[in-house]
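Two complexes follow with subunit A in common, the first pairing it with subunit B and the second with subunit C.
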Partner chain A sequence: MTSFKTELQAIAVPPMFAFEPTLENFSIVQERSDYMKYAINSVITSFGATFLALVIAVPSAYSMAFFPTKRTKDILLWMLSTKMLPAVGVLMPIYLLTKGAGLLDNVLSLIIIFTMINLPIIMWMLFTYFKEIPKEILEACRMDGATTLGELRHVVMPLSWGGITSTGLLSIVLCWNEAFWSINLTSADAGTLTALIASYSSPEGLFWAKLSAASTLACAPIVVFGWFCQKQLVQGLTFGAVK
Partner chain B sequence: MSSLEITKLHKEFEEFHAIRGVDLHIKKGEFTVFVGPSGCGKSTLLRLIAGLENVSSGSIKLDGEDITEVAAANRGLAMVFQSYALYPHMSVAENMSFALKLANVDQDTIDAKVNEAADILQLGNLLDRKPKALSGGQRQRVAIGRAIVRHPSVFLFDEPLSNLDASLRVQMRQELSELHQRLKATMIYVTHDQVEAMTLADKVVILNAGQIEQVGSPLEVYYNPESRFVAEFIGTPKMSFLPVNSEVKQLAMKSDGGDKRQLAQGHWLGVRPEFITIEPGGQLEGTVSLVERLGAETLVYITYKDSHQLAARVESLSAINVGDHVNFSISLDRVHSFDKDGRRISPNVTDILIGKN
Partner chain C sequence: MNTHIRRLLQAPSVILLLLWMIVPLSMTLYFSVVRYNLLYPGPLEFDGLLNYEFFITDSAFFPALTNTLLLVGSVLIITVVLGLALAMLINRPFFGRGIVRVMLISPFFIMPTVNALIWKNMLMNPVYGIFAVIATAFGAEPVDWLADYPLLSIIIMVSWQWTPFALLIFITSLQSQDTEQQEAAQLDGASSWAVFRYLTLPHLSRSIAVVIMIQTIFHLSIFAEIFVTTGGGPGYDSTNLAFLIFSQALLQFDVGVASAGGVFAIILANIVAFFLIRAVGKSLVV
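Then we have the complex of A and B:
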């Protein structure tokens, strides 16, 4: 709502509920920085990272789910434990690595980092979905003459399609909302929408109404996207609950 | 149709030696049944043949060609699983044609083969259904159909009937038997049900703790069990065992075949229920502890010398009741004796029976 107020109205105490809506914040935001550029960066990073993560995670989850070894459980726990590390803790090394690779303010570095961040969760989700598939079906498939890739393509992927898509959607949402790394590693060229929002909370002052406008613009696409995929998402998350 | 030669096969899991040196020859077109108690390694042996488990040592040859290291996908064998393992997202027709599609067979041939298999298994009107819309028996037929369309060199069945109810199991058992007659294919069948083993097999392989106890035709293993284990495992009710004491020894000495057997303290006599006769003049005495009336026959369990239970098969309408003291005799020419280690030391009963006739 604040995004439709003027700056003065936005900081008024007590808060105003009746006001004349204005679109001026949106046009100011658009004037100051090109919304589309940030939006496209967000799309590229979240979709790119999700795609890359799935490409890595599907085969690994397959092998962990169907050919477990003594260490599989430990590895899964270890992967999850990396999520417990505060991101700030590795800010310095990663910043330096990115700088050294010449990838500061570059979408590629964000894609790689987002992939890394979400990989454990994606692996875990895919692992649990794959676990639901009876082992015999894969063995039958192997007896029928399928290669490992054939097994993945004809049996594993179709049977866990709901799970894979909902994992992918979740990953896209997580990447889209990821702020820490995009703020720290990008500025004008590769900035995502979260970086755009953050730029309104600057040393020159806090612009509530413009900040809200930018937030609305940043959230809108993913909300709409989520709305359309809702059915898929719910189906995926409850996959296997009812056989 | 192929022959299979297994030599010195071993399979060790991390903490468990599942198969301990199996040697076996399966002839072309033979219906071989692996039977044994749970955990004896029969399914593992089948999975080793299928290529779903890696062999620890030893070799498996198919038609003389070593396939020990060949991947399951390239062995050309077909397997029917206990849980059917149908592809839930494919229709019946797609399930059956999957292997052919992977092998890039043209659509006309696929259709012809699927229809042929559907005819054999009476699945014609179910081809468009998904597995979840089928009953257990139909699913099992689809699983068999999936194997048939490929014309595999060997069919492998892993307890295919154990998820079905009793009457359906009998029907499917007969259908499998007919299928074997019709296809004349080499089939290997794993079961823990000795009735399935006896009715289906050309050759029964009895496994115990990862080793073969005995290989033979159903009647061979029934009449000439080589060990106490086989004697107890094959036959319902189980063969009864009597310790060799002075009374039994005396009896045995008096009978025709008695002197042929080495009867010593610590040995055991094994008697099938049909070779125990309850009659007033019987030399042995016991108390009836249980009577089971099955309709066509009645089973009487007699406690001998307070500790040994013997099963006897008597006439259906017999008036015997629990608690009765009875005299009984044993057809000693059809009795087996086993030494302390459970190996049979008496000659083949079938030899004696055939000699008599």
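Then we have the complex of A and C:
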């Protein structure tokens, strides 16, 4: 248990062997590697992908939750199965496709990939949230003559706002920490913070104080996000198998 | 008319995921049977199973396979046992429990590259890492962890990151356990070990199974930790399948062989996925 605690504190505090005033490190990091650019890339990719995935997933989760057919279960399980595809298995095709489209080292390609990676989890979580809305409410709306889209916009979304937000948070956390694709598909222009920090691995800890400054900045917001969506994380990552 | 709207609403996600699955998968399958190296441009020739043969007879293949299995196996044992122990510990209320819980879970949200670098530079560095300092304080020779025990180091790093995941799921599951049953058992004179063995463990069996399956799928393609710390070396001592495929593809530009490796990894993951999907499917109520 202590190892966890000291580790965590060690992330926040500059390590004892390379102690320098923290602010100085932050500015050096910024100077040396244009930290802000990577941070902005991280923000754009994770928020962009989350937003895109939500836009795609909300309507379909809604229609699956409220108008289930015989095939709904199969579709959901199939979506889950796409998540099982190991990334290395499709590394080459994706790499060549992005290269062919001229999107190598481009934020757009990362957004698309992150969207697709997280879509199953988001669908799955939204589905469980929408299931919790009592059907009677929707029936009452329909009696009052609400259209399907109106129902979605004015009834379902406000009612499950909390669920949608925490789903989004979880998706942001997952995108933010994604390493495989961001290391392989980006370099200077579209690199995210994961890629930036991975690139620090070669100077063998020479800039360790700076690196820890960069790491702190990179992790702090997401760890806080993570605390807020613990419960959703369990549901999202186990696809509702553990409650 | 309403059915049309429903179909229309579902269409984008279904079609996109279908494309996302089928296009790269078929490309991988195709590449895996042609001779295709980015360094030697030319017409793509049908190669049969030569790529597979090449991949499997590669001198790095068996080390990579055993490393992958070792990595997955040991990380699973460590995380499940440790996660279970910690979950039992913090399941009862005590002062500061909320904070301890948050601290314990945090490593999971730290990005894998940062996690790896912390371990590499701060703890395992032979000169100024904390482990080395402790070792020298006791007069022992500091250990160069990443050079001497590369695979063990990676196992430790990955376990550190994934124990919180197991913990998180176990604790969620523990909190839904019926305490009355436990109290009844204790009144009847059952020891705490017996309570754990015959009540808690069966209650957790499902979540343990889920943790094992999900972690297996993620760990089969561990990449960032190896990329950042050891780079697969020294030799092939810490190369796993994911890293081997990566080096075939983007360091040697041999698309064909890398794709054959990819197909291999997909098959491996699907064996696990099959069981996971069955377990999840049972609990799904539509």
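Following the convention adopted for this analysis, the second predicted complex is superposed on the first by the 179 of 243 C-alpha atoms of A that agree within 3 Å, B and C clash if a C-alpha of one lies under 4 Å from a C-alpha of the other, contacts with A are read in each partner's own complex, and residues count from 1 in each chain.
Here is the rule we go by: contacts are C-beta pairs under 8 Å (C-beta built on N, C-alpha and C of every residue); 3 or more make two chains touch, one makes a residue touch a chain.
Note that the structure is predicted; figures quoted are calculated from it, not measured.
Judged by the touch definition given at the top, the superposed model places A:134 against subunit B, while subunit C stays out of reach. When the two complexes are superposed, the chain touching more residues of subunit A, out of subunit B and subunit C, is C. When the two structures are aligned on the shared chain, A:97 is found in touch with subunit C, with no touch to subunit B.
By the document's definition of touching, of the two partners only subunit B reaches A:155; subunit C does not. Contacts of A:145 after superposition: subunit B is touched, whereas subunit C is not reached. Of the two partner chains, subunit C is the only one that A:176 touches; subunit B does not reach it.
With both structures placed on the common chain, the touch criterion links A:193 to subunit C but leaves subunit B unconnected. After overlaying the two complexes on the shared chain, residue contacts for A:63 are found with subunit C alone; subunit B is out of touch. Within subunit A, no residue touches subunit B in one complex and subunit C in the other. Listing the residues of subunit B that touch subunit A in their complex gives 14, 50-52, 71-74, 77-79, 81-83, 85-89, 98-99, 102-103, 146, 150.
Of all residues in subunit C, those touching subunit A in their complex are 2, 5-6, 9-14, 16-17, 20-21, 23-25, 27-28, 31, 86, 89, 100, 102-114, 116-118, 120-122, 125, 128, 160, 165, 168-169, 172-173, 176, 206-207, 210, 214, 217, 220-221, 223-224, 227-229, 241-242, 245-246, 249-250, 255, 258-259, 261-263, 265-266, 268-270, 272-273, 276-277, 279-281, 283-284, 286. Taken in their complex, subunit A has these residues touching subunit B: 70, 134, 136-137, 139-147, 150, 154-155, 158-159.
By the touch criterion stated above, subunit A contacts subunit C in their complex at residues 1, 3-5, 7-8, 10-11, 15, 17, 56-57, 59-60, 62-64, 67-68, 72-73, 75-77, 79-82, 84-97, 116, 119-120, 123, 148-149, 173, 176-177, 179-180, 183-184, 193-194, 197-198, 200-201, 205, 208, 211, 215, 218-219, 222-223, 225-227, 230-231, 233-234, 237-243.
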